[in-house]
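For reference, the structures are reproduced in the following blocks.
Each of the two complexes below includes subunit A, the first together with subunit B, the second together with subunit C.
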Partner chain A sequence: MSMQKAVDNSRSSNAGLSMDNQEKLLADALQNVRQHAFAMKRVLDQQSVMEGLKHAANMLGELRTSLLSPKNYYELHVVVVEELHHLELYLTDEFEHGRGSHDLYEVVQYAGNIVPRLYLLITIGHVYIRANELPRREVLRDLVEMCRGVQHPLRGLFLRNYLLQCVKSLLPDTEEENQEATKTGTILDSLDFILLNFSEMNKLWVRMQYQGHTRDLQRREQERRELRILVGTNLVRLSELECVNVERYKTIVLPKIMEQVVSCRDSIAQEYLMECIIQVFPDEYHLNTLNEFLKACRELSASVNIRNILISLIDRLTAYSTRDGSQQNIPENIQLFDIFSEQIAEVVKSRINMPPEDIVALQSALLNLSLKCYRDQFEYGNKVLENTRKIFDNIALDTQVQTGTPAAKELVKMLKIPIDCYDILDVLKLNHYKLVLQLLSYRERHTVCMYIINSILDKETIIPTAEQVTQLFELLLTLIIDQTDSALETSRQTITNEDFVEEQNLVARLYNNFQAPNDPDQQYHIIKICQDTFKNGGLERMRFTYPPIIMQAYALTFRYKNIREQDEKWEKKCQKLFQLCNQLINTLTKLETNDLPLRLYLQGALAASEIGSENAETIAYEFFSQVHDNEKVLACLKKATKLTTQIMDQSVQVQLYNELLNTYIYFFNQNLPDIDITLLNSLIEKLQNEMSKISSNENDEFIRNQIQKTFDYLRQQSQLEKFQGLQINN
Partner chain B sequence: MPVQGTETRPEIARLPTQQISSQDRYEPPDNFLEIEVANPITHGLSGNRYTDYEIRMKTNLPVFRLKECSVRRRYSDFDWLRKELERDSKILVPPLPGKAWERQIPAFLRNNDGIFDDDFIEDRRKGLEEFINKIAGHPLAQNERALHVFLQEEKIDPETYSPGKVRNG
Partner chain C sequence: MDLLGLGSKVDIDFLLDPQGQRKQIEVKLDDNTNKRILQYIYYDGEDVGGTVQIKLKKNSKVEHQGIRLEFIGQIEMLNDRSTVHEFINLSKLLAFPGELTENTSIDFHFPNVEKPYESYIGINVKLRYFLRLTIIRRFTNTVCERDICVQQLSQYPEINNSIKMEVGIEDCLHIEFEYNKSKYHLKDVIVGKIYFLLVRIKIKHMEIAILKKESTGSGPNIYAETETIAKYEIMDGAPVRGESIPIRLFLGGYDLTPTMKDVQRKFSVRYFLNLVLVDEEERRYFKQQEIVLWRKQEKVKQKNSAKQYAHFEPPNPAIKPEDSATGISGSENSPVYGPSSSGNNSDSTSD
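What follows is the complex of A and B.
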């Protein structure tokens, strides 16, 4: 007596598994198929139907094998089906010419083995339906039931797939209930057909899990995944039926599908099929069955990755609602946000081991939905942000999310969403945004802040009020002042660190976007805010952040000058601005770059002199004297001279020499020690030499004029005793 | 024809189909049986050595009482099982891997470690694994108490053992 039966499961999948063996098995099988097919075609040419069927049955016998891997079985199947097509064409042709045999449907049922028997039955069946030989409804019913005869997972799946393909265009898709309908069938019959086929195929597909030794489990699971489309095709077919409407989907189709998906408790099947449903059926259907779908989600097996399913659905509906730019596509009574918000909470509650990054990903999808579907209702977005913060507070209050973890990555992704959707002014209305930002460690906060700044600069958003500037700085604090959790980073925050330089340059560039048009007082406010904020950033940062403030302040004095008719306090305001700049530049002098403060003072002096306000002179004097007070004035001037010699551009260089000379003259007049006639003479000579090198175009004409003025002045002064020894020629 | 004319031709009528419950539909089938023979350990010293193996079993067949178990058995235990089954059951019991007499001749006459040689133990292990899987999968063998004692009792105790049949685990 055979001892093999119960052990076959373990043994047969091992036999023939080696690569070479598989190749050979497939090659042999294919050769047999071709031989039988050839014989079949030859006898059909001679009109011998019965002989043809015999050869076809032999050919189909190759599909009885247990030895091929699913991939190879598929290849064999493809070739067999191709050859079987000839039989189908032959029979169809016979019927078209009135020569069809009427008893084939019964005859093929005498085939000895079930696999060939059923393939033949399906083939004959659909030819007969097309030829009106047999009533469609009954044959379809018969075929889908008869396929039960093959319970082997792999063979059964391919057989039922063949069935589905064959009847593709035959499934009744009409409503009518009339005499004819009892023969042809209605949409309800099609639904029964496909749903039955689907449930049987799902059963076989899940059963594959248990075939073979436990050590091969991973390979089997991979093979199952490769075959998933066979099962999914049933759902696609359902979605293609025109008579399926929202009502039928809700009452018949979805419940039946869900029944199988939930009860099978197989995570591979559940993950795939839920995704499939979302992708295959129209969004309108999903909108009307949200509760049912989400309820089923909660009942899925614990190891199913529910996050991706939910996110897939949310994203799809978000896209649907904003299609064509309108937000009208969602009917009033479906409150998407509330529904998903609730469901996500339920899911998270029921899955206690859900990792935090998954929870965040869900919240991100919800945030995306809020910002896109409820664009001007900030309370939705705010709510999501608040909830996210709460989740982490519940895990560990006031604790940062560790850097580099998946949860941290998801939080960064989440925080980028509002930045992408809105401009910064609207983002600032999400006042819970910073709650989530605070959760992150230094590195991630840094990333988000950089992202924010880049977005502002790219979108060229103007930030017009001091209040908004304040709120923005609150978010960007990580880049503005030393952070308590960035010990390692702080040590590297000097100008030798490229990243630091890049970062501070970006912060500095932000100033260009702080513009209060038509409101200079607001602009002044902004400048004050900037000063208050940046003074805490440390010298290394001030190097970058102070100069723009100062330049903006100078620019503002010009604005005040322009409105002097309307604002009687304009001069006082300018004075305050200059005082502010004085303070700031003073601080900068502590840095080692001597020329920076110098340049800024000079700019200030220039501005003051142009403004011509009441105390402009005093201010200008003060600025110059600030420079003067600096004990290193001479060194400063020498350095300036040295720098000027290095300038490449001739006209710029000449211009600078001129300015230098003027400065020297000034200090000479101030009786600064060490600045004597000799120095002046050497500079004059230098200038005269360089002057000859510049061209005579318009720009340079202006420069020449300036230099002439200097020389004229010198000639004037050369009469004075002080200027004895001055060498100034024409 | 499928449904037409079956009144006159009952032999081609279709059998009624029963709906199967979703439990039966998707539950793992009750035919899972895996036995591993592993971990050979040679015990004792010099003249009194013997090798035994771990017999690890996993199953969901209803006939077995324990769904997971692990015992240690030596070659002579396998031999005992074989004799019990040959006597009492109706199956054709497969052969065991050989007794290897040539390895049990005096040590100075051979150039290997006899039956404690690693390669030999490995070959024997494979043979024993094949043997026990074939046996345990056979429904008629599953009815013999000897098999259950062999697989699931910690020791094969001649005092308490008596041959008999097992119906349900």
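What follows is the complex of A and C.
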């Protein structure tokens, strides 16, 4: 072989790619097509087939262009095919009237250029098969083979697309046993045809990737995505054949497709085709070829997003298995979970560089499958969660997934799945759930916890035992106590932060769902658990979490009273509850606000009086007395004392000391704990000292009288036990 | 009709096929006018007979020295009209000297005429058969010639191997091509395939051309002419390694003759298939292979023979003898050939 060095520079391969130029090129090409088509139709009207074929060939010559972008080539192709349809109709009509020429299949093969020649051959072949002029199987085989001559990706793809469109309705779809079928072809011929066409189209499509300059790579990939439907149509057609059954799919169709998909080693093609297979073929086929499909997944190119493919399949089968609300669509012999579980593990193993978020996403899909298809088999879901935790422990033991990362987001998604499809009581049975939750950083844990609470509230799930409450609190710990890893967040955890308020309100509302309907003692346990848990949450949380406990406790006392016939210890239990409440409210008094504890005390007093147990009065009294804020009073009085000592006018000062003493006595009577006899004595002493200093004019006479009345009262009271030790001079 | 003689008084006509049974064929005249005439087709060993009609113009008489009819086969060199080589000359005296006074018809018959070669009109050479009637007269003979067309039928070749060869340019392009036969009849179809073993150049398209090479003369005076009879695109775009491209080329539509080798040591006509690959920079890579064309007896045309969708099938190795017939040495890489001529055919479809 030798070469001639003559180079024709006039043909530059990228000449046509500027946009304006493209429009002009397309317009010119369309103009030519219309002219040739017009001439073709005119001579066909005059019954001149040969002339018509010549014009058709000229028209098809426009499809030889290399200058158009794929999109514009498509536009051109549409118009050409439409015009070619006239020729086909004309020829079909000729045959229907017994005038058809018999040698056209050979005649058109004299066309010098291959692209027009093959379009004509396909058109004639189509007409001849329909007219029974040539044996169907031979022509089909011939057409799909001869199309190999067009190796240019774009032109080849459109040519083969035309072929597929033309023979679409002609593909034999009958069984082999049929004797007649050996001439017209059988399903096997159709399979050969489409599978070959598919392989060739895919090869052409993949080849586009490697044409032209690397700087245009992105544009090329975009163009390829626009063309993918041309390849996928073959698979759609395969799925429409009635004689393709599970067996044929498993033994012929899928292996052939997979062979091509794997061997093309192109990630765009592999991703699209795998997705396409999943979508176009029926669920039963997938169920019966899971191992084959998943094995092929492992052989895909490393840059393929395997995650999307697998998830797509799992989701599809999950939806199938739960369709019509039943779970009986999966045949018993197919261990869906085991197969996916094993194969996914293999896939993960075979891809060392698989990002963690992809692994999680796969596990999510698997979890979804196990929860939906095997609703009652908690061990499956638990297994998935356990594996997920293990995967992270293998990367770095006891290390949290950094907040905001894709992996963290995927984990959140994963953890929401059981919440969505189970109620919380079932979720609590997944004992590895908590371990996966712990992988997350504060913010994501927070998200999940809020999601859990909202779900419980929305579904109005009742949590009936203390044990379950304990487990739930373990999950929700992030919201219940301060977290070591939430340093940034802690400063915002006050009443002034709306988010915090909303969050804690939700936690509080949760309490209403803790109900042991027929078991007051269980309810008591729940209250204890809550107290034990919430007491670690800090004052800011208690503001929200304590009141519902207290109210629940009051309510429980009523329940005890209702069953007092059955439970002789009911009074004791009520007593305990009131004590508990007292303790809790007391803690709340440390808050800045006064009205909350006030109302709770009053409510308690009310409850106690209603219960009417033996010591109810004491309790009620106790609660009433607690309504006054001890410390505040004392602080107030101390301040008043201090101010009084600073007064210059002695008579006014004495008068105020008297007022002060009266106030002290009042609170002493009210049993304010910090006001005792000693305090009163010192005040009396002070008052007496000061009184001796003032002159005895008329103005002061009124004051003396007042003081005298105070002392009279005290002397009278000093007889009482309560006032024992009062020292008062006469 | 060629009528010689000044102010000729006679019209001469040959009736060769009064029953209208003999096939005719359109033959291109060699006078560059693109005119075509019909000629009767004869085969080797067939009788040549018929009637000569001599018509006199009104009220005229023709005195003659005898009327002679010849059957002649000859080779003419078109670039040198003076050199005519007759390889057949059969002669008959149709009439003794006398006088023609009225329109006359004379039957004639040449039995079992040997016609060893095919009629041929080429660029530099013409092989023709014709009847020549001569009315011998004192001053100027009246001569009339009538050409016939001879077709040389051949038997099916006993040996007809496929042509198979691996060719290439090192580290650049390696292909293996195969044509199903080495000998094709004129209505045959060439079926084959090209298999790409290595492709490192950007091929734009591939075509197959039928070249006709006519050589005339001998020794230092050899004239060689190459004519592209057909140019046929068989591949569009760039293949990759492993691709196999089918070839199917019908010969019936092209103007072909049987291969002629060293006819009377005057000329040869040989045919070649030229496989041409053109790369994106318009460089042409090609390989020529001679094929032998032969004429097969025509049968009633079958409706839709299977050859219109024939595909290349590898021949059964058991029946395959050595490659002696075509002289191709197996699958050796072939030697380098000279640059090709750019074809002169347009891309138009054939009739």
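Basically, the second predicted complex is superposed on the first by the 611 of 730 C-alpha atoms of A that agree within 3 Å, B and C clash if a C-alpha of one lies under 4 Å from a C-alpha of the other, contacts with A are read in each partner's own complex, and residues count from 1 in each chain.
The rule is simple: contacts are C-beta pairs under 8 Å (C-beta built on N, C-alpha and C of every residue); 3 or more make two chains touch, one makes a residue touch a chain.
On a predicted model such as this, the values are computed, not experimentally measured, just so you know.
Engineer: Is A:His213 contacted by the first partner subunit B, the second partner subunit C, both or neither?
Structural biologist: first
Engineer: Is A:His152 touching anything from subunit B or subunit C once the two structures are fitted on A? First, second, both or neither.
Structural biologist: second
Engineer: Tell me which partner touches more residues of subunit A in the superposed arrangement, subunit B or subunit C.
Structural biologist: C
Engineer: Applying the document's definition of touch, where does A:Ser263 land relative to subunit B and subunit C: first, second, both, or neither?
Structural biologist: In the superposition, A:Ser263 contacts subunit B only.
Engineer: Pick one for A:Ala57: touches subunit B only (first), subunit C only (second), both, or neither.
Structural biologist: Touch status of A:Ala57: second partner only.
Engineer: Given the touch rule stated above, what does A:Gly112 touch, subunit B (first), subunit C (second), both, or neither?
Structural biologist: Second partner only.
Engineer: Mind sorting out which residues of subunit A both subunit B and subunit C touch, each in its own complex?
Structural biologist: In the superposed arrangement, which is not itself an observed complex, subunit A uses residues 1, 3, 5-7, 105-106, 109, 134, 138-139, 141-142, 145-146, 148, 203, 207 for both subunit B and subunit C.
Engineer: Can you tell me which positions in subunit A touch subunit C when the two form their complex?
Structural biologist: 1-8, 11, 13, 50, 53-54, 57, 61, 64, 102-103, 105-106, 109-115, 117, 133-134, 138-139, 141-142, 145-146, 148-153, 155-156, 203, 207
Engineer: Please give the residue numbers of subunit A that touch subunit B in the complex, ascending.
Structural biologist: For this pair, the touching residues of subunit A are 1, 3, 5-7, 9-10, 105-106, 109, 134, 138-139, 141-142, 145-146, 148, 199, 203, 206-207, 209-210, 213-214, 259-260, 263-266.
Engineer: Which stretch or stretches of subunit C touch subunit A in the complex?
Structural biologist: 167-169, 173, 205, 230-240, 243-246, 248, 250, 253, 280-287, 303-304, 306, 308-309, 311, 334, 336-340, 345, 347-351
Engineer: If we count contacts the way the header does, which residues on subunit B are in touch with subunit A in the complex?
Structural biologist: My answer: residues 1-4, 12, 14, 17, 22-23, 25-26, 28-29, 31-34, 58, 90-92, 94, 133-135, 137-140.
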